[in-house]
Structure formats: C-alpha cells, structure tokens
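Structures incoming, each one as structure tokens.
Each of the two complexes below includes chain A, the first together with chain B, the second together with chain C.
And now, the complex of A and B:
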C-alpha cells in the first residue's frame, strides 16, 4: 500500500511515528504494509518509490525544518500538486491546515488525488465543510474511497459511532460540544470566575487557542464538524453555508453566574435537527453533554436505541493519527471485500 | 431468513413490534426479510414454517398469556429444546431470563442451536458470563455466529464501540457504571439524602429493582457484563468466577456525604485491567463516568486514541430489541461477505 502524505505538521509526524512504532503489528494483525512514497511540506517534498526511510525523514524534519532537505530523497522544488499527479500511490493522506474561505490548498489536493485514482484520507475540515457533497460524488465517480475520521473528535470515534454502531436505527438529531478551545474557555470562566478576555488569553498562552482565535470562538470550527456529521451520518447534502452560526465572544461571567444558580451552565452547542445551528445554549450540569475543560461530547438521538453520548478528547496529534490509521484499515477492509466479489 | 425466538418477555415482544413497524425498511435498506417460524414462551410454542402471523401472535400473547394458545399454530406441549432441534431456521434468538447459577435454560438452548447449525443472537447474560470462552469455541466449531449486543448497555452500542470503532488501537483498560438499578439507588441516596434501604424500596416500587434485588445490588449483573466485555473487546478468556465482586449494600448516606464534601461521589464501578473487579469506588463529579439516575457509562482507555466514554440508557425493551436488530444486520453482512468469496 503506497502512501503520499501531504502536510507534515503535528498530525502527519505523529502518523509516521505510529507507523514506525507499530510496524510489525500493522502487518501481522491487519495485513497492512504501508510504504510512504512521498511526503510534502511547506519547504518541498521527499520522494522515493521504494519507500522513504521514515526514521531519517522524521529526524530531518525535526532538525532542518523540511523533508526536502533529505540528502537522498529531497526535492525542494517539487510541489504537492506535482507529487500527487506524478507519483504512483494507492492512498493520499491530506493533512494541510484547515482553510474555510476556499478550502485551499487541501481542496485541490483532494480533487487531484481522486482524479488520479487515489483513495483519500484527510484530517482537513476545510474542503469537507465547503464541498463534501461534491467530493463524495467525485469519489464515487472515480471509484475511490474518501475517509476523514480525524476531522471530528480527533481520536474519539464520533463519526464511526454514528454511522457504524447505530446501523439499523434512525438517527433523528445530533447535538454536541465539538470544539475543545471554546469549552476550555467557558469552563475556566465558570470555575475561576473570570471574564471571557482573560480566559481566552489563558487559552492562547497554553497553546489551546490560535493567535487568531476566530475559527474556534466564533463557532466556525464547530460548524465545519456539523457539516461533516450531517453528510456522513445523516446523509444530508449540506455545506458550511447551510449552518446558522453564533460564537461565544459575547458571553459574560454574569451570564454564566445566572445559569449556575439553577445548576445549569452555558456551552457552545452544535446541533443537527431540521437545520444545522451553532450557538451558546444553557444546559443542565446533569446532562451527559456537560463535560469540563477541553473535552468534546456528542449526543445522538436515535429512534429506537434512545440517546447515546460519546465523550473524549477532541484533538491531539497521536489521537488524530490513530484516526488516520482506522481509516486505512477501513479502506483496506472495503477493498478486500471488493476484490473477493 | 428464518428465525426461532425462545423467550417472549418484554424484549422478545418489542423485537416483534419492531419487525412489524419497520418491515418495509428492513427489506429495502438491509435486504432482511425475517420470517418468524417459531416462538417459545413458558406456556409452550407457536410454530409455522411459512412464518407466524406476527400481529396475531402479539395479540394472543397479550390477551391469553402464551403464544401456545394460538388456534392455528399453537402447541402447548412443545418445549424450547424440541423446537430448536426440529424446526429449520437460520437464526435462534435466545431471550430467556438471566440465571447466573448454571446459565439454564439459556445455555442448553444456545448449545443446541449451535449444534443444529443456527446463528445465535442472545440477550441473556447468564450463559455468556458462565461459559463465553467455551461458547465462542463451539460457535467456531459449528461455523455459526454468536452475537449479544443487547447484553451490555441495552440499546447503547457499548460492545460495538469497543470492538469496531477502536479497531487498530489497543484497549488497555475499561471501567464503567454498567447497572442502572444501583446507579439509580446511589443517585437517589445522594440527591434526596436518604439511606440505602429507602432508596432500594423506591427502586422496587418503580419497577427498577427486582423483588430479589441481589443480582443488581450485590454486583453480579455488573460482573456478568464485565466478563462479556473482557471476552469480546479485549480477547480475554474469562468467566464469572474470575471476577472479584463487591456490591453496594453497605454504602451509607454518611459515606456519600463525606465524598460529596470533596465534589466526589460513590458509584458501583466495574473495571477490567490486570484483573476484573466490581466494587463501589469514589469518583470525581467532573469525571464523564459520573452519570446520574439509571444511566450507564463506560470509559475505554486506549493506547493511542486516548480515553473515550459512552453514555446511554442501559436497558429498555425497545432499546434492547434494536440491539438484536443490529446483530441481525451484522450476521447478514458477515454471511454476504462469506458467500461472495
């Protein structure tokens, strides 16, 4: 199984570490012998059709900043799109940063990957939030799989719970806390009695929030995840423009105090019902959704099995890398079933 | 797909209602055309090779107490074992009550079902807790599937989350609240400030606890579920005798009050780690496991994806019936893959 990895930040590097660490188990237990034939980062690419030396590449990335510095396999002037078009591989892992304006460069990478017959695994929410219905069609048209477990919940299998474990049931609605940064901020405000601006600054100092925190606190990250769940779990053909979005900038300590009097609190909730909506809502502290700190929590309301809630850390390099690995197994399993026909 | 249903209490009847209600969807969406060829209850059996009239059977059960009273298909003198041996079917659904002393009559039903080539779906914890490793071997030996989603968590897909959604990861430990009755009792004690005996009486009056509540409050029900999870999710070959078990009879209101001072509380926790153990433990009220009332909650600690908690109602006729239906789909899917080879 030949893999091209585009985007080599924390998640991409964690995935490679996982490969090294679990190489024998992948082969013996899952019949997976992944060979990384190309990696692309901001500085260029490293390419080797017989498989890159993963240990060496990790070391070069760490010490020299770009895989293109590899003395044997580095190509500083090779772009992601050239690699995707020219290098033969079965799988493209797209792990560049999320951009919700136009989905680039991820969107082009994914489309080019599909058109050249590669199965796609992505951790990039932007292209999915903007174009998931079209990308699903394009995948079908090209006979490839598109998987993205790591985009919702990091390593917590939220998408799989909804799609695989509740099979046979009908999911009527979904609601959840899908963004750890805003949950951390609201929890700190409540528990430490501080205002929004101070809690945001703390989150930034700890590295939970970006310098430009808008993607998180204005609700866009939650909205992207709603779009992905609505398409994958509920079969709705929606994109980001179909989501009503409000963030948490205007929430004051006083608002939280008022809710606390009735043993309630305020959380940024994304919901899929008749429509898709992100907004701060009051919820009971007894509600399983009411999780503290940076946790994520999602409740599925199903017609027969009742309400199920899944809770987990919604981010993390190794966690998200483990989701990529689950996607690899899933694609492998589907392909094996197909070849058996 | 011909089905024999042995045990026709709340769960069995809910399953039949689900069949009636969703008949068209089963066929169109999942290619399932289940035909109930026999039902056995305490009063005898109803048998019809071309398929029982499910609506009529439900009515007769309700009005006359036993399916054997059916004027066309009823057989008051036919036993479950005779039906399992003599009636041709692909699936045996075993839904008689749990007995943890010797697993009977369920254990014999399941073994006879396997020996006559039937796939087994059961909601009966007794035979599994006492003999799951042997039953798994027997299923393999006879080339049949054994499924039991409804035995842990009712409709909440706890077993599937552990086995299907965390595939590729390594589950290091599991802990959880697996019994709604004890959780209800402990929650009532804490919130209403009452002693164990009063809370137990309330649970009995509301029908949450049996007249003989030992199975729940002495921890045996939780222990059975641990055994099932340890075998199915973690591949441990254990039975009920491998579990260290303590219940909640000795927990006083004062114990709970003492824990509450530090924002903690006491829950009956089942855990799988080095060994299997059921005992009351103090946990933080911030822990996702700390759910109120009759809810169940299970935390999986996995090596790479982190900690995931799933929460849901752990019982209910329709919920458990929906788990049987998931098992039917799972068996159908496995068989289709096999026939395709």
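And now, the complex of A and C:
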C-alpha cells in the first residue's frame, strides 16, 4: 500500500516510528504493508516510488529539519499539491496543522487527493470542521474512503465507539470534554488555587498549549470535534458555523471556588443535542465526565443502552499515530472485502 | 500482379522521401502491376496532433497558433520539394491550405469548449493522413502517373463507433471498397488512400487505433483480392533478432502468419497482430519492405508455413523494462479461485499481464508485467490478497527481461527446450521463469535484466540464426 504523507510534525513522525516498531506485526496480522512513497514538510518533499527509507528519513528530519535534505530522495522545490497530483499512491495522510479560518492548505490537499483517486486519512480538523458534508460527498463521488479517527480523542476510539459499537441503537445526545489543554488549565486552577493566567502559562511551559492558545481556550478546538462527531456519528450535516461557542478565558478562581462548595466544578463541555454548543458548565465532581488533567471524556446517551462514557488521553503524537493505523487497517479491510476468496 | 502498397510515416517523412516513394510506385507500374497506395501521415505528425489536442483542450490558443503555423510550413515544404509542375503544385497547395484551415477551426472549437471527446480526437487525428495523401497523389501525377486521392471515408471503410480503436464491418467494407476502387485499378489508375482513417455508418470519422495504416492496407487488400500487400517501412523486414544485440542478425525471408503474430506481440518493429487479420483470413501474403533499400525483397508472411528441415527456431526477441511478481502461500494449494482473484485485481487496475506461470503445487503464481506498472500492481495485490490467510507473500523482481523464441518448426520437435536452456545455462545465466504455450510456436522465459542480451546471443548462436 503506497502512502503519501503531507505534514511531518509530531504526528507524522510518530506515525513513522510506529511503522518501524510494528512493521512485522502489521504485515502478519493485517496483511498491511505500508510503503511511504512521499513525505512533504515545510521545506519540500522526499519522494521514492519504491518506498522511502523510513529510518533514514526520521534521522534526516531530526538532524536537518526537513525531509527535502535527503541526499537521495529529497526535492526541496516540490510542493505538496504537486506531489499529490503526480505521485502514484493509494493513500494520502493529511497531517498539516489545523486552520479554522479557511481549512487551508489541508482542504486543497484533501480535495486534490480525492480527485486523483486516493483514500484520505486526516488528523487535521480544519477542513472537516468547515466542510465535512462536502468532503463526504466528494469522497463518495470519487469512490474513495475518508477517515479521521485521530481528530477526536487522539488515540481514544471515540468516533468508532459512537459509530460502530453502538450500531443498531440510536444515539440521542453526546456531551463531553474534548480538549485536553482547557481541561488541564481548569484542573490546575481548582486544585492548586491559581488564576487562569498562571495556569495558562504553566500549560504553555509544559507544551500543552500553543503560543497562540486561542484555538483551545476559546472553544474552537472543541467545536471542531463536535462538528466531526455530529456528522460522522449522528449523520447531521453541520459545519463550524452551526456551533454556539464560548471559551474559558473569563473563568475566575472565584467561580470555581463557588462551585466547589456544592462538590461541583466547571468544565468546558461540548454537547450535541438539538443544537451544537461549546460552553463552560458546572458539573458534579462525581459525574463520570469529570476527569482531571489532560484527559478527554465523552458520554453517549443512547435510546436503549443508556449512558456510556469513554475516557482516555485526548492527544499526543503516538496516540494520534495509532488512530492513523486504525484508519489504515479499516480502509484495507474495506478494500479487500471485495476480493475475499 | 495486383498489389496494395502501404507507405509508413518515415517513408513519407518529407518532400524528398515522397519523391522516392513515387519512384518506387512508378517502377512497379512500369512492370505492368496494378497498384493501390495507402499512406500514413508525415512522420511524427500524428503524435504532434495528439499533443496539440491536449493543449487545445486546456485552452492554450497560443500553442495551437504556433502548431498550425508549423504544420502548414512542413506540408508546404513537402509540396514544394515533391512536385515540380507548377499547376499541380498550386492545385495541391490550395488543398493543403484549406485542410489546415479546417484543422485550425476544429482546434479553436476544442479550445473554447475545453472538451475533447474520443470522437473529436479521431476527427483531429485524421488530419495527418488527409494532408499527406494528396501530396503523394500529386507527386505521382507529377511523374506522369494517373492517380487520385481518397480518405478511408471516401472509399467506404465502415466501422463501429468505438472511437480510437474502431473495428471494420468487413463485409460491407469489402463491398464498398471494391465498388469504388476496382474500376480505377482496371483502367490502370492509382488510388491513393489515407491509412488509419475510417467512418461510422452515420458518417463520423473513426480511426483504426493499434495497427493503424497497416490495418487499412490489409483491409483494402482483402477487399480488392490483391496478390500481395506490401508494407513499406524503414527496416528490411522481420529480423532474427535486434541487430543492436546481435550485429549479424539477418532478415527472415519467409514467415507464417502465426509466427509473425507471435513476433509482433513481442515487439518486432512496425506490425500489430490486428493488422494481419484481414490478410490472414483471405490468405493474402504480406511483404515487409524497406523504402530506403528497395532492392531487398524483405520478409514475406504467408498462410502455409513451409518448414525446412532443421529450421526449428526463426527468431528470438528481448522484451525489456518488465518486472516479475511472485504471489505465494501454502494456503493457495487447492484453494479454487485464487488465480482468478489475482488476475481480477490486476485487470481492475489496468495492469496488463505479459506472461504467466504456475507450478503444479499451486503454492505460487508468477507473472510478468510492464515495469512502470509494478508499484500499482504490488499495492493493489497487497491490499486485496494479504491478510486473508491464503496468500502469504507478494514479492517482486523489479529488473527483469523476457526472452521470446518463435518458430513453427519447434512444434513436435523434441529437444528444443533442452537446446534453449542448455545454451543459456552454458553462459551461467539463471532463468527466473518459463512459459510455453501449447501451440509450441513460442517459448518464453524471463531472466534478470543484466542477463537478457547474453541470453539472446546464446540462443541466436545455438540455432545458427545468423546463417
């Protein structure tokens, strides 16, 4: 299976490391033989139709900053769009950073990939939040699969639980903590008794929060994930503009103290019910959703099975890379089903 | 003798060459032969039209403009060189210019619509022959012969509507071609007909695709019931092997259709098996001759194969740039449908299989494909076949070559295989795969790429093909 990887940050590199660790197991257990035929990062591309030397590429990335520096396979002037159009492959993994303004460059990458007949795996929430109904349409039209397990819950199989494990039942509503950074900040504030600003600074120092933390703390990241869940699990054709969004900037230590008196606390909760909404809410500390630190938790309310809550680490390179492999195996299984002997 | 003579693109490459062709025709007519001529486009023109169509589709008006200018110049130059008589020159010049104006209009239309259907592409591609044919016709008139030019449409070659690869409705075509051309031949005039072009029953232009002008020649030959069809090209005929590999390779004087088809499949220059069909059906011999060496009688392809004593192998060819794929797994033993799935997967991905071999143990299937399709083929097979517990491994040898040996005399001659493989083994060459069809006219085997030429030399020598 030939793969083009666009975006070679933490997730992309973790994916390659996982590939090295698990290569034999993937082959023997799932019949999966991934060959990375191209990688594109900010500095250019590395291309080899027979499959790049993964160990060497990881080393070059680490030491020289860009895969395009590879002496054999590097091409500094090749753009992602050129690679997607010109290089033959079955799978495009889109792992560029999320941009919720216009979804670019990921959106164009995904569309070009579909047009050239490639199945898409993405960890990039921007294009999905802005245009998931359109992308699903385009995937069907081009006869390709679109998978994005890693966009919600990192390695925690939240999307699969909702869509596959609860099949046959009807999911009435979903609510949960979907952003690790804000949950870390709120947990620190209430446990250590510090104000929002200092908790945010700590999160930034530890690398949990970006320099520009707006995507997380203003609720947009959670909103993106809600859009993805609403489309994928509940079949609602919604985009980011359909979500009511409020973040946690204005939450004070005092607010938390007040809630704590009744054994409650404040969490940034995303919910899908009649509508989609992100806002800080008070919840009981005994609620299964009330998880500490960087964890994610999602509760599904279904018609017959009642409430189920899944808890797990919401982000991280290896976690998200494992979600990419889930998608790869899922696509491979779907494709080979036609040829069952 | 009644003849169809077809002249390929390199034979009518420019004005001087067209004059040379006219001379060849003249000599034949002087011997009292009745001749119908089929002409290809000037060498390279069809490829250029294809490229220009693509540019037109993208709306590249500037490219089209340049292309039209150059095409006009090329044909005008050919007219100036090929024809002396001023009156004839002017007549054909205006014909050429009108045709090119029509072509420019077609391209402009394509550019504005941004659309190129197989139907319009066939129309565009017909211009190459529509331009070359009148020039050749007038150069015949220029040396005093009576000639007239026609398109495949004019003479009534009717096909289905499978644009790009149309198939003639043979009986209708034969009837119409005979009606239109026989009276001309009878009075000693020479029809000059476009190769490659035909028409649907609704009157839309089609092209004959692979085999092209050669196909036109055999269709017209079969229609007119000629004694021989001569394909004039730029080589002396079918060779015992590629002279670049064995400099002492020789032209083969006579071959059967079956042998010629086997060789054509294996890349012998200038013939597509499809083009031989109409002649083979009517039992009309086809002769391949060299425009640039007309004293050589070339290769004659005939229905009845005369097998001379001791003449076992006639030719050996090398097919380069291929790869070998091996699909294996103990689970394949006695699992019906495995081979079907393997080839279904390849078919769905448009991968053409050149050679197949399976051991009787059924534990592996090997086959050979073109090298540029290897990545796609391996990926598709891995996705479809691995992880089901039947196919365990899919491996490949990227750089392989096929050596193909052709000769009707091999049939029923014991020991041919021993000689073939013995000769190869003596050179220390390892054979990676073997296949022999039950027709016994052909043995093919695959070797590593670096061994290909040595294997060909060994066999050429073993069977004394250089005389």
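The definition used in the following text is that the second predicted complex is superposed on the first by the 338 of 341 C-alpha atoms of A that agree within 3 Å, B and C clash if a C-alpha of one lies under 4 Å from a C-alpha of the other, contacts with A are read in each partner's own complex, and residues count from 1 in each chain.
One rule holds for everything that comes next: a residue touches a chain if its C-beta (ideal position, glycine included) is under 8 Å from a C-beta of that chain, and two chains touch if they have at least 3 such contacts.
This structure is a prediction, so every number in the text was calculated from the model and none was measured.
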Partner chain(s) touched by A:335 [first = chain B, second = chain C, both, neither]: second
Which of chain B and chain C A:30 touches, first, second, both or neither: both
Chain C versus chain B, contacts on chain A by residue: B
Which superposed partner A:292 touches (first chain B, second chain C, both, neither): first
Which superposed partner A:54 touches (first chain B, second chain C, both, neither): neither
First (chain B), second (chain C), both or neither touched by A:18: first
First (chain B), second (chain C), both or neither touched by A:313: first
Overlap of the chain B and chain C footprints on chain A, listed as residue numbers: 30, 340-341
Chain A-facing residues of chain B, complex: 18, 30, 154-157, 160-161, 164-169, 286, 288, 291-292, 295, 297, 302, 304-313, 316, 318-319, 321-323, 325-326, 328-329, 337, 340-341
For the chain C and chain A complex, residues of the former touching the latter: 335, 337-338, 341, 344-345, 375-376, 379-380, 382-388, 390, 398
Residues of chain A that touch chain C when the two form their complex: 1-2, 27, 29-33, 35, 37, 49-50, 88-90, 332-333, 335-336, 338-341
